[in-house]
Structure formats: C-alpha cells, structure tokens
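Both of the next two complexes hold chain A, though its partner changes from chain B to chain C.
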Partner chain A sequence: MSRFLLPLTIFAVMVGFLAVGLTLNPREIPSPLIGKAAPAFSLPQLHDDGKTLSLDDMKGQVWLLNFWASWCSGCRTEHPILMDLARSGVAPIYGMDYKDQKHEALAWLDQWGNPYQVVAVDAAGRVGIDYGVYGVPETYVIDKQGVIRYKQIGPLDDETVTKKILPLIQELQAK
Partner chain B sequence: MNWLFFLLLLVAGSAWAGEAKPMGDDPAVEARLKQLAGELRCLVCQNQTLADSNAPLAEDLRREVREMIAKNMSDREIIDFLVSRYGDFVLYRPPLKTTTVLLWAGPFVLLIGGGVALAVTLRRRQRVIVENAVITDEEHRRVERLLSPGVKES
Partner chain C sequence: MIPEIGHFALILALCVALVQGTLPIYGAAVGNSRLMALASPAARCQFFLVLTAFGCLAYAFASKDFSVLYVAATSNSQLPLHYRLAAIWGAHEGSLLLWTFILTIWMFAVTLFSSHLPEAMRSRILGVMGLVSVGFLLFMLSVSNPFERLIPAAVEGRDLNPLLQDPGMVLHPPMLYMGYVGFSVAFAFALAALLGGNLDAAWARWSRPWTTVAWCFLTIGIALGSGWAYYELGWGGWWFWDPVENASFMPWLAGTALVHSLAVTDKRGGFKVWTVLLAIMAFSLSLLGTFLVRSGVLTSVHAFATDPKRGLFILSFLAVVIGGSLLLYAWRAPRVGLGGGFAPVSREGFLLANNVLLVVATGAVLLGTLYPLFLDALDLGKISVGPPYFDSVFVPLITPALFLMGVGPLAQWKKAEIPDLAKRVRWAAGVSMLTALGLPIVLGEWTPLLSLGFLLACWIVVTAVVSVREQLAHVVGGGIGTRLARLPRAYWGMLLAHCGIAVFVVGVTMVKGFETEQDVRMGMGDVATVGGYTFRFDGVQNVRGPNYTAVRGTFHVSRDGRETALLYPEKRRYTAQNQVMTEAAIDSGVVRDLYVSLGEPLEDGAWSVRLYHKPFVNWIWGGCLIMALGGALAVSDRRYRPAWRREPQVVPANAQLAGR
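Showing the complex of A and B:
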C-alpha cells in the first residue's frame, strides 16, 4: 500500500493545482494601476465636441469610469446594470467611448439608453492605453482623491456590483 | 507552348512579388520596434507577441512604441511605460521577484527532484537484485559452463 502513497500524493497535488487553474480566468490580468492615481486626460465630449471632459472635473467625488463602444457586445450585456446603477444614483458614471464612430455611439445610446453623466471620446484609444485597457468593457472605481480603487475587466454583473462595487463605493464615500 | 506558359508565370510572379510595406518610414525605428515588440505580449491574443498580433490594441501599442522610439526613449523606459499600465504580464521574460520565484525556479526544482528520485530508485532496485537473488549450485555450474569458451549447450 505504501508504495502507492507517494505517487497518489503527487497526483492529488497536481489535481489540486490544475483544479485551481481551471477556475482562474486567463483574460483577467491584475492591473498594476489599483491604488495609483488615475491617469489624467482631457478629451472632447461625445454629445458636444466643443466641450471637454478632464479628470479634474470629477475630483472630490467617488465615480465610475466605464470604457465602452458601440461595437462591443459585452457592453450591451452589462448595459442594463449600468442603467440600474445610474437610476439608483449611488455614484456618477462617466463613459469613455473607446475607438468608436461618433454617429454609431450616439445611435447606440439613443437606442438603449444613456447611463452616463458625460461621455468622453477616446477615438485613438490613447487614454485606454494609459488606463491599461485591453478589451472593452472595463470599469474603474475612482475615489475622491482620484485614486483607482477597483477595476472590472469585462462586463459588470449583478453579483460583482452588489458584493464588491456598491460596498466599495459606500466605504469610499464615507471617507 | 510550354515556354509561353512559363513566361506568363514569370511575369505574373513578379507582378505581386515584393516585400510587405513597412508601417513606418525610418528603418532604424522599425528595427528597434521589431526587436522590442518581439519581447512583449499582446494582451488580446495572449499567445502572440506584439510584433505578430493583428489585434487593434496591438496596432495601437506598436504605434505608441514607435512614437516613444522616435522620442529617443530607452528600451528600459518603453518597457516601464507598458509594465506600469499592463503589469508584468506584457513581458515574455518576467522579472525575478517574490511572486515569480516559483516560475523561475520551478523547472530546476522539478529537474533536481526527478534526478534524486531516479538515483534513489535505481540504487534501491540494484540492492534488491543483488541481495535477494537466489541461485542454486546447479544454476551456478550451468552459468559457468555456458560462459566458458567452446562449450555448447546440448
């Protein structure tokens, strides 16, 4: 019996490692930007390109920055959740229209609804690179001092919002 | 008739032969970009380098790197720029830190462990064979007979 013990142990350890590996999502790369100051930007607004939106405009409040695009299917998936969040008014949501066509973005918002306070246009994706975006949708929670506290890669879901994002917003607003 | 066909082939061949158009104008910049992009991972198609990938993000990142090269930034600065945004994941050769020790040392630990296990097993098996072999006198005589030259087993 004891001669099977060692191979069996090794096998069990391997299965353990592989089982954990299976539950990890390789597309979720931990962002080095958590806990760092949000990169500055100043971009034209989607609804009025005469006006700009810059990072300093949001200083002093806890807010969400959502990178999206009309061509992105995941953005459609999370859209009802963003609408609910916007309706509840817990924190303002600012949109970043990432590498998109202006008329298509406007049509998309008209069709499905606009959860954003203001949408800025990142046509070349440069601000996206500064924020480490590699696939839309991505959502950031940024605190009153302009520090990134959380990054959601991929569509938001109810569980993430209720378990992580809402408690985090409350905690940050209380500070 | 054959030669005409051959000629046609030659002409047609030269019509679309030619190198792919370089993305930038300065060959020195392109060379550095190529060398740097080969070290960097595309975040969208994760098993491709930044040089190989056709993902839109990879194109944007190549543009970014190209501009940094044009600004005369060092390789270190360019890599730091990308790591500060995307983390060590963009590097195909991640740095040696506490979180990556297992990654770097793991293969060697496994190799040494396997070697030790092999040596122990072989030694144990040898001892078993030598100590537990039961050979009768009759067998001994037969072996000696077989090994002595010029003797044929009947």
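Showing the complex of A and C:
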C-alpha cells in the first residue's frame, strides 16, 4: 500500500511549497559574509580578455558588485533599475558575468544596455562560490575598505534600492 | 447584450457540467442506466454552451467592443482582425475560456467515438471530464470573467502585447492547449478504469489513440512555440528552459512515457499500474503548467498579470484534482495486480527503462523549474536556474533513452537474448560509430558532443532500417512494394516518430556545433561575413504598419559573389503601448538559416547588428513535425478502427507481427 501512496505524498509536499510560494515575498537573508572582507578575485574582463579585474582595483570607493548572466530572467527584471542606478552615478557598479557564454553576455548588454563600469567573467562560477551565491542575480554593497555591507539575493527592486541601498551607500561614502 | 449572452452561457455550462460530473458517475456506481445515459447529451450540451460563449467573446473582439474590460485590455482599434481574434487567448481570462472550450471539444469527440465502450465506462469518462470542466468554469465565473463590463466604456483599447502580434500567436496556443487538454481524455480513461476496477488490455487500446493524438498536438504546439521564440525574440535561440517552456515540456515527456507504457499494457497486459500513474501525471503536469503560468509564482517571459486570489484558486483546484486522483490511485491501484512477467532484457524491460528515464528527466525539469520557488518559499530569495543546470542534467538522461530507442523495437517481448540482439545490431552499431567519428572530421571540427549527437541520430535511423528489413522477412509474397505496404501503419508511425527524433538530434547537434554569429557595428555600405556569407548593410528606412511605425534595414546577402538573399529586419515601435520590438529577418533553408536582427541605432546612421548563420536549425522543428506525423500515422492504423466498432480480442494478423 505504501508505495501507492508515494505519488500522493510527493504531491502533497509540492502543494505545500506552492502554497507558501504564493504567500511569501522574497526578502534578503542575513548572509554570513556581511561585515566580512569581500573575497579576493582576479578575473578576465568581458570586453577585453587581455585585462583583468581584481578586488584591489575598487579599493577606496563604495561600489556595487552585481552577479548576473544572460540566461537569467531575474536579471532582465532588475536591469532597468541597474541602468537607473548607473545613470544617477551614486556608486560604480561592477558586473560579474556568472556561468555564461561570452558572446551571449555581450549581445545581452548590447541589447539592453550596459550599466557596469567593468564586467568580469566568472565562467566556472568559482568566485560565485566564494561569495556564497545562491543563484543569479545577486548584488553586494562593498565599502571603501573592501568589506561587504549588504547582500541582495534575487532581483533588485525600487523599494530596496531607495530604502536600503541608497541610504547605505551615502552612509558609507560619508565615512 | 452579446457579452451578457456569453456570460449567461458560461453559467449554464457550469450547471450542465455539475450534472455531468455527478449523476453519471453515481449512476455507474449503482448501475442506474438512466443516470448514465445523461453523460453524452450533457457533454454535447456543454460543448454548445461554451462554443456560444467563445463566439460571443470573438464577436466582442471583432466588433471592437471596448465596454468589455478584457477586450479593452488586450486589443485596440488599430489591431488587424486576425490578431484581434487571436487576442481572445492573449491574456489570462480568454486563454482560460480557450482551455475550457477545447476541453469541451475533446468531450464532444469522446461522445462521438465512444459508442463501442461499455456504458458505465463512458459515463465515468465523461463524468470525470465534466468535473474538470466544473473547476475551470468556476474559476472563470468567480475570479477571471472574460465578459466583465467596463463602464464607462474605454474609447480605445490598450492593445495586445506586441510580442504576441505574430502569426505564431494564432496557432501556437490552440495547438498547445489541444495537447494539454487532450491528456484529460487519457486521464479520464484512467480514473474511469480505477473507479470501475477494470484495467485491462481493452482499456489500454481505447486510451491509445486519444493519448497519441493529444501527444501529436502537444508536439506541434511546442515546436511552434519554439520556432516563434526563435524569430520573434531576436536572439536566434530556440529553447530557453524558461519556466513556461518547461511547463509544456514536462507533460510532453510524461505523455511520451505514457504512449509507450500504453503500448505494453495494450499488447502484453503489463505495466497497468504504471500506465495509470503516467496518465494521471501527464494531465497533472498540464494543470501544473497552467498554474505556473497563471499564478505568477515564477518569473517568465510568458508572465500574465498576477492576482493572488487566482493563484490560490488554481492551487486549490490543483490540490483537489491531482490530490483526489492520486488518492483514488493509492486506494484502487493495489487491487489491479500485475501483468505477465518479463525478463529484464526484453522489449518490456527496455520500454520500462526508457519510461523510467523519461520520468526521471521530467522530475529533473520539474525540480529545476520549481527549485527557485522552493528557495523562495523557504525564504532564501528569488533566483533563476538556467540552461547550465538543464543542459548538464538533461543530456546524460536522454542519451541512454535514445540508445534504447534503437534497440527496443528489435527486442522480443518477454525475453530477449543479448548475444542475439548484439548480432542483429552489429552493422547498425558499426555504421553509427563510423559516422560519429568520421562525420565531424569531414565537417572540420571534432568535439565529443558532436560525435555523440551523430552517433545517436545515426543509430536511431540505422536500427530502424534493420527493423524494417527483419519485418519484411516475415511478410510472405508480393513484390517489395506490396510487402512494405503490408506492414501495419502503427509500426510505420512508430518508426517515423523515432526518425523524427533523429532529425531533431541532427538539428540540435549541428546548430550547437557549427552556428556562428557576429555582433557588429555596421554603417551604410559596411560588409560583414558570417559562416561564409557576406552581409552588406544598405541603410535603413522608415515604414508604417497598421499599428506600429518601424525602421527597416536592408541587407544584401551574397556568397562567392552570387546574391543569395535580401533581408529586411525591422525595429518596430507599437504606438498603443509605445513598446519597441525587434523583428528579425530570416532566410530559411534546409541546411542553414541566415538570420539578421537590428540592435540599437548608433551615431552616423550606423546600427549595432546581430548576424547569425545557423546550420540545420530547421531540422529541429522538422523533426518535431515528423514525430507528430508519425503519431498521426500510428493513430490511423486499422488496428484501432475495427477495435472501435467490434469488441477487442480481434487483433489483425499483421499487428501481431509488428508486436514481435
């Protein structure tokens, strides 16, 4: 009898998750990395293989690190917000092209616009592991000393940007 | 007035569906034939009522009645008539109406082709379908009424989403829904059999043509969607592992498993419980797909407007229908008993292995689709699982399945001998290996994936040839032509569908292996070369469409100095929603597509342009079409026709032959 109940059980678990999924909104979770130094990396740049981008390049400024990929639909969702942020010039945004095909990434930026100062290529997702990336998109706010101050899992939205990220950037820049 | 008639017809349809979903099933349980006799007239009546509602909505669109909220939201007075009619299923409410309408079409078809079925069986089948219909009609009437009025009426409509203003929109959703909803028939057959406790070979034979037809529609529907994405999104991609694509792919995988499992139940009486479960799964996944698209729990290019009330309704409906049927399964299936035994190496064994692989693949796709949702539910954030996951999981699962596809039809039922099989396929294996190793080198590049693709495609085709040769040896007399014609159509259908897969695999392999593309900045008169073709950009001009303005580029394509094509990609701005769409221009061919799409305007009249050379890309959809044709051919087999009129047990002699 029990093996005949198995499909029902699996389905019940799924319905449970779907029900929760309907009610819950995505929220940021405390990351163990917040308050810690951002993991170092040195990766080739998307637009110029010859050059690399490393953590030290951003020392002394407050900046955003955005993990994205051309195959990621959430990245499309948050993209206009990144473009606005880039236009406003409050803080430089650096992109991390995560597990992506180079030509697709370039075409993507070509199509939708490029909000990034520089894009580094994390083809194998190694740096993603160091940063504890669950999936793309994810965005980090990193301060002048290279310490992670905030982590957004999932697409940025207007509310998070105006209520959390912008005030945080101002606070960090004033320090 | 007309919209109110439509609304009223839906209310009446709900009442009829309630009758159809209860009394005949009760009648079948207590053996009351007067109650059972209600099923067919109720189903037909429901069909005409929903047809009326559908017609009313079509009329509202055709006459630009912007006092209907749904019409005002999804069309515009400038929108051409064919798109206004396609706009019926352009958003949530109307596509539900289409869903229900197609469900009633299938019901009507069941009433027409079920006179040979025992009355209790027929009333249970129609009863179950009636219950499904109750859910959808209730959903429409409670939270998604397509006939809701907008008072005062809008002066102008908001227009159909420009992405959907495409010939693909006219065909893709109806085809897809014919497939989705078609599985409701197999589902209803399975539940009826569980309720009646008569899961026998006859039941499987009755279910088979219905399932195959639904599968054909779904195959074509998915292929159309993929082709549409290919030229409409301007990316040259044909499959994105988008949640909604997955939602249509999962029922397809389960349906493919079901088609094969039904074959075993039909011919050998085995796999009964498994077949029932697959029938429930295929339809459940169709419903789940509907839920995923409608509730807005996942982000996707197909996202419709979301409303938590709707999500909750669909989820409850899902829980009742799927939960209920799985409960019934858990309760009744243990009594079904097993079919005849078989050795692990036998046709049953191979089919079972293939089935398991398909179901595991379905599970993998389901997991990848829902994983972001699970994380979200556990409060871990919203993420995307993309092609890297699906590609790395899917290929290893499908590769052995395609290998088995070649051997399966050659193996004997019940017990096959490996040495014997190996002897029969040794030529096929040799030819495939040689092709796999040699062809990529001839084409100028060798990679493991290229080789694998050619190996599988070649294996499928050559084993099919081996199978035909062996079959012919059993047919006596006549010339080669008459002997070929004597093989049953179901057999040809199977081979054709399998070869469709081979064609598909060739397409995917060639595109993945040899496509080339360039993103270039092109000014007037600039030249770029992709895949041996030279593209010359001759500037852009402004053009006007019925409801958009566009910039149209002109590209001269030539090869070795000879002109091959003139391409006119467009960048359209749809006026009503002020939305920009990229309209790629494609020169299609059997062995390659040339694809141009305009990116962004740059300074001095230059444009960023994407140029693609896609070898064999049309084989991808061609393969799907061949699969569907194979299915259609199989359904037309004599085996099903006499079986519809006579009682079973009369198996045509040559069908047994094919069953060897």
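Please note the rule applied: the second predicted complex is superposed on the first by the 146 of 175 C-alpha atoms of A that agree within 3 Å, B and C clash if a C-alpha of one lies under 4 Å from a C-alpha of the other, contacts with A are read in each partner's own complex, and residues count from 1 in each chain.
By definition in this document, a residue touches a chain if its C-beta (ideal position, glycine included) is under 8 Å from a C-beta of that chain, and two chains touch if they have at least 3 such contacts.
If you're wondering where the values come from, they're calculated on a predicted model, not measured in any experiment.
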TODO: Have a look and say if chain B or chain C is in touch with more residues of chain A.
DONE: C
Open item on the list: Just checking: does A:73 make contact with chain B only, chain C only, both, or neither of them? Give me first, second, both or neither.
Closed with: second
Open item on the list: A:99 in the overlay: touching chain B, chain C, both, or neither? Say first, second, both or neither.
Closed with: both
Task: First, second, both or neither for A:33, with chain B first and chain C second - done: first
Open item on the list: According to the stated criteria, A:8 is in contact with first (chain B), second (chain C), both, or neither; which is it?
Closed with: second
TODO: Could you look at A:131 and tell me whether it touches chain B, chain C, both or neither (first, second, both, neither)?
DONE: first
Open item on the list: Applying the document's definition of touch, where does A:50 land relative to chain B and chain C: first, second, both, or neither?
Closed with: neither
Task: Partner chain(s) touched by A:89 [first = chain B, second = chain C, both, neither] - done: neither
TODO: Find the residues of chain A that appear in the contact set with chain B and again in the contact set with chain C.
DONE: 26-27, 29, 99, 134-135
Open item on the list: Show me the residue ranges of chain A that touch chain C in the complex, using the header's touch definition.
Closed with: 1, 4-5, 7-8, 11-12, 14-15, 17-24, 26-29, 69, 71-75, 77, 99, 103, 106-107, 110-111, 134-138, 153-155
- [ ] Please name which positions on chain B make contact with chain A in the complex.
- [x] 43-44, 46, 56-57, 60-61, 64, 83-87, 89
TODO: Could you pull out which chain A residues touch chain B in their complex?
DONE: 26-27, 29-33, 99, 124-126, 128-132, 134-135
Task: Residues of chain C touching chain A in the complex - done: 234-235, 240-242, 273, 277, 280-281, 284, 291, 295, 297, 299-301, 308, 311-312, 315, 318-319, 322-323, 326-327, 329-330, 333-334, 370, 372-388, 517, 519, 599-600, 608, 610
